[in-house]
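In what follows, chain A forms one complex with chain B and a second complex with chain C.
Right after this comes the complex of A and B.
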């Protein structure tokens, strides 16, 4: 009797653990699947499609049909081809900006966290100044000054997201700084830069990866907002935000014009959020 | 007597702290003077917060001293150029308290042990591999440990890895900061014996920091007892264990449990009160607030043992007490 009781008590936690693992995998898998489908589509659909994104293929504002599954836009271009093609330009900017901010933010944050003291105070105050501006307004102002090329967009938005990464990197670095293995390297005469590369970076990668997924979604939305306002990648290259902006005036007559790019934004953001949530659960089970 | 390998003169470490608007200073280590002889083990004991770990960290350069001088083999460390100091400091290695925290969980044992050799930059790849394997044998770990990660080992084995990491630098002095207090009692003795063997084979000098007087007595040739940032008594292990003179040391000794059944009970000396804050230590003798024999003299004048070391000790047993 006592034995069976013990056995069941031992069994319970593993079952719970199994469930949460399944949940994590479900999140990660569904997120990854969604993203893979969209990315494959963004490559395959423009190739298979009989039309180019800038071709005028028929009547203006024709509803969805066998030839044009998502209908056509104001200029008679195929909405499906344009939606999938837009994935490339939108994602290029979103991913480019995210990776730029990871690189700069991580270096910024680890230097601040590792050095501490005055260096830390100055570096973080600079970021405070940056964060004091409303992000979208700052982006609009910068793009207006620099011009809205793809490179400038990446640069502007990349700068915008530096503080997030710098803060995450700094906090993790500061706690690692107190760990004995980091101090041990100091005693061994390991130079600071090498200490950061071998001990700090590998051990702060997890929170940074999690931060990455949420930053990709944020920069995707920012890019769409900029495009919507006409500050993003310029026509005729299709982007989701610009497609929505073009069609707001005819939204009641031709809702597919807004629905297609709108759904695309939603699905990509959802994909990254699911992936991010799953990764967070997997690496950091305490933060829920 | 030969020149000591390590001379500590007036070593002081004050940590500035801020609480609200007030700036205060924690006097972690205050005017500590010590000599450490080649080949001896010096035990440093005291309760938590007495500054023993701070001294250990000052010796290996984990903190900068506020004042005072550390001289290694006749060379003053503080007045050296930075590069030179770094090179000399490799001769002083450190064994950390908690082997779970002192080994990078993402590094293989091979890389952990070899880290300091790579950092040195002047040692070739082959030589590094040779020295890592050699040191692995010395600390009693199997060869296949090299490709594994720290979490695959038990606490005692992890501490062996930590010792190997220090040893591979071929140091003259090893500073061990509570090297056994994070381990299971059953493996504590193994690590102590390993340290003893290594010392005999390699002619090492140890500074052994611990709060456990019995363990310190087991490994040390001499013992320094600390209280609130100062050394109150120093002497050979025999002198401290059998004829302690400082009231604080006596109280510590009376707390060691007597394992023998029917042995004559020592009288237990219980100190009243708490250790005063190192931010605002008592005037004069720092122990006076808890001392059973303190008088007005103790409040006005700090007893010292530093002067006696400087003038060349006539005796090895020194006490910082007006009445001892």
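Right after this comes the complex of A and C.
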């Protein structure tokens, strides 16, 4: 057990060091700030806003004004309320998909890495197949066939991103597998599942956390592209992609219809990218 | 040497291609409920003539493994079946739509390499300075903007400020090749935004790693010109991981192509697939998925072979 603690100390900085690094790291700082602002906005704005996202509050396509800071859309709905509200639905799908792929991918990868041999070869071949398809294309085909409910979106995209996590988990597991404390536990007769749970998982969390930020980014981009193509969460629930898609025909008269949700997606994705880059710098100084 | 590698690499391809064919085959069978009513509409009776025809054309009356065997035999003989909607050959439809997609992806790849590699080298040579930092911010912005937002914004920008530019021209590769390429330039530029960033980041990372190697210090000590060290000694080695990444980048570009074609109204594979989806033409969806998947697999094979030639160590 003592070995575990040593190993985890080497892999993960303590809480205190983590905090001071957070303060030092401009990338993590700005990413986190950006995300906190947007998430607070996505909760506060729809509550404070006098309109609901589906209310018709004024003339169609009225430009930004004091009452409607981002203007109104084709049906006269408030673009600001809709943009912030869309954050929730997009984040729900993106986070749901990411958590699903972390769960499945981590189990997949640790089993493959821990068992090795034929199990490993089979599990990894299956992922090769999944990764051979361009992700958006497979997502489109699957959603087209299964139907575009929130659950199906999460399931499809979650499945799509399993390979990344599985590969990261497998690589780290394989190197830990040879370490003394893991082998010692094995010799003592600790069952494999407990060995993985207590000795492997705590020590592979760092690369998995870094992978998480880039998967959230990828799911956000995929989700918004799907809803742009009309295959995401269906109206009247607002999504950024659908908001942009329904306004392309009138955008020369009402550019705010495209710019508001477009900027929202960019900022959220940027927030996660900054966070991921910062974490990578911090834990992998060689890549800096 | 090379032939054993090639042989090994090709054997590895077989399970992947087999798996891909199973995935594409299963697509039609994943449709919830009775496929026939999904394809032809709910009002059709399950035992009517039309329902039987659909079942027969998809071989749905046979056991699943037999269906798969029939289908894969046809596919291997370059017969992807008939489109359910306009009764044309799926293969022909795909062949007709491939040039636009290939041209778009190719031009976008070229743009990303031409801008991304020099930018990456430059950023690495100025590591930690303001110019490195600003390039990093630019690349993050390039990755943060979704392709469809970039496409729509580009169309918006041109129609607001340069209305004289003809954005949606007809493509005629056979008679007006230069005109067609010209029309594809803006869509390709938009498509390349995120891959420029990806290539730049890979190049920068690889350069930083290589420039720490002892042989670079040796070259410096011998008094070689800094530019020569950077390009001849550094970039030559640093390009290897970038080449490896280009398979990934190709898949990324082909994903983006679907959206770009849709916004710019270009008749490529992406548009073919989307129209197949809106008309519920499942054999056509199946066909595009397997063809595009096979394209990505072939690109990755080409990348591996290129790596083979570039890296003398393997």
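Here is the rule we go by: the second predicted complex is superposed on the first by the 263 of 288 C-alpha atoms of A that agree within 3 Å, B and C clash if a C-alpha of one lies under 4 Å from a C-alpha of the other, contacts with A are read in each partner's own complex, and residues count from 1 in each chain.
Rule of thumb we're sticking to: a residue touches a chain if its C-beta (ideal position, glycine included) is under 8 Å from a C-beta of that chain, and two chains touch if they have at least 3 such contacts.
Just so it is clear, the model here is predicted, and its values are computed rather than measured.
When the two complexes are overlaid on their common chain A, residue A:202 makes contact with chain B while staying clear of chain C. In the superposition on chain A, contact of A:117 is made with neither chain B nor chain C.
In the superposition on chain A, A:140 makes contact with chain C only, while chain B stays out of contact range. In the superposition on chain A, A:187 contacts chain B only, with no contact to chain C.
Comparing chain B with chain C, more residues of chain A are touched by C. Chain B meets chain A in the complex at residues 60-62, 86-87, 89-90, 93-94, 96-98, 101-107, 115-116, 119-120, 162, 165, 169. By the touch rule above, chain A contacts chain B in their complex via residues 179-181, 183-191, 194, 198-199, 202-203. By the touch rule above, chain C contacts chain A in their complex via residues 15-16, 19-20, 22-23, 27-28, 30-32, 136, 140-141, 143-149, 152-153, 155-156, 159-160, 205, 208-209, 251-252, 254-256, 258-259, 262-263, 273-274, 277, 282, 285, 288-289, 292-293, 296-297, 300. Across the complex, chain C is touched by residues 125-126, 128-130, 132-138, 140-142, 144-147, 217, 221, 224-225, 228-229, 231, 241, 244, 248, 251-252, 255, 258-259, 262, 265-267, 269-270, 273-274, 277, 286-288 of chain A.
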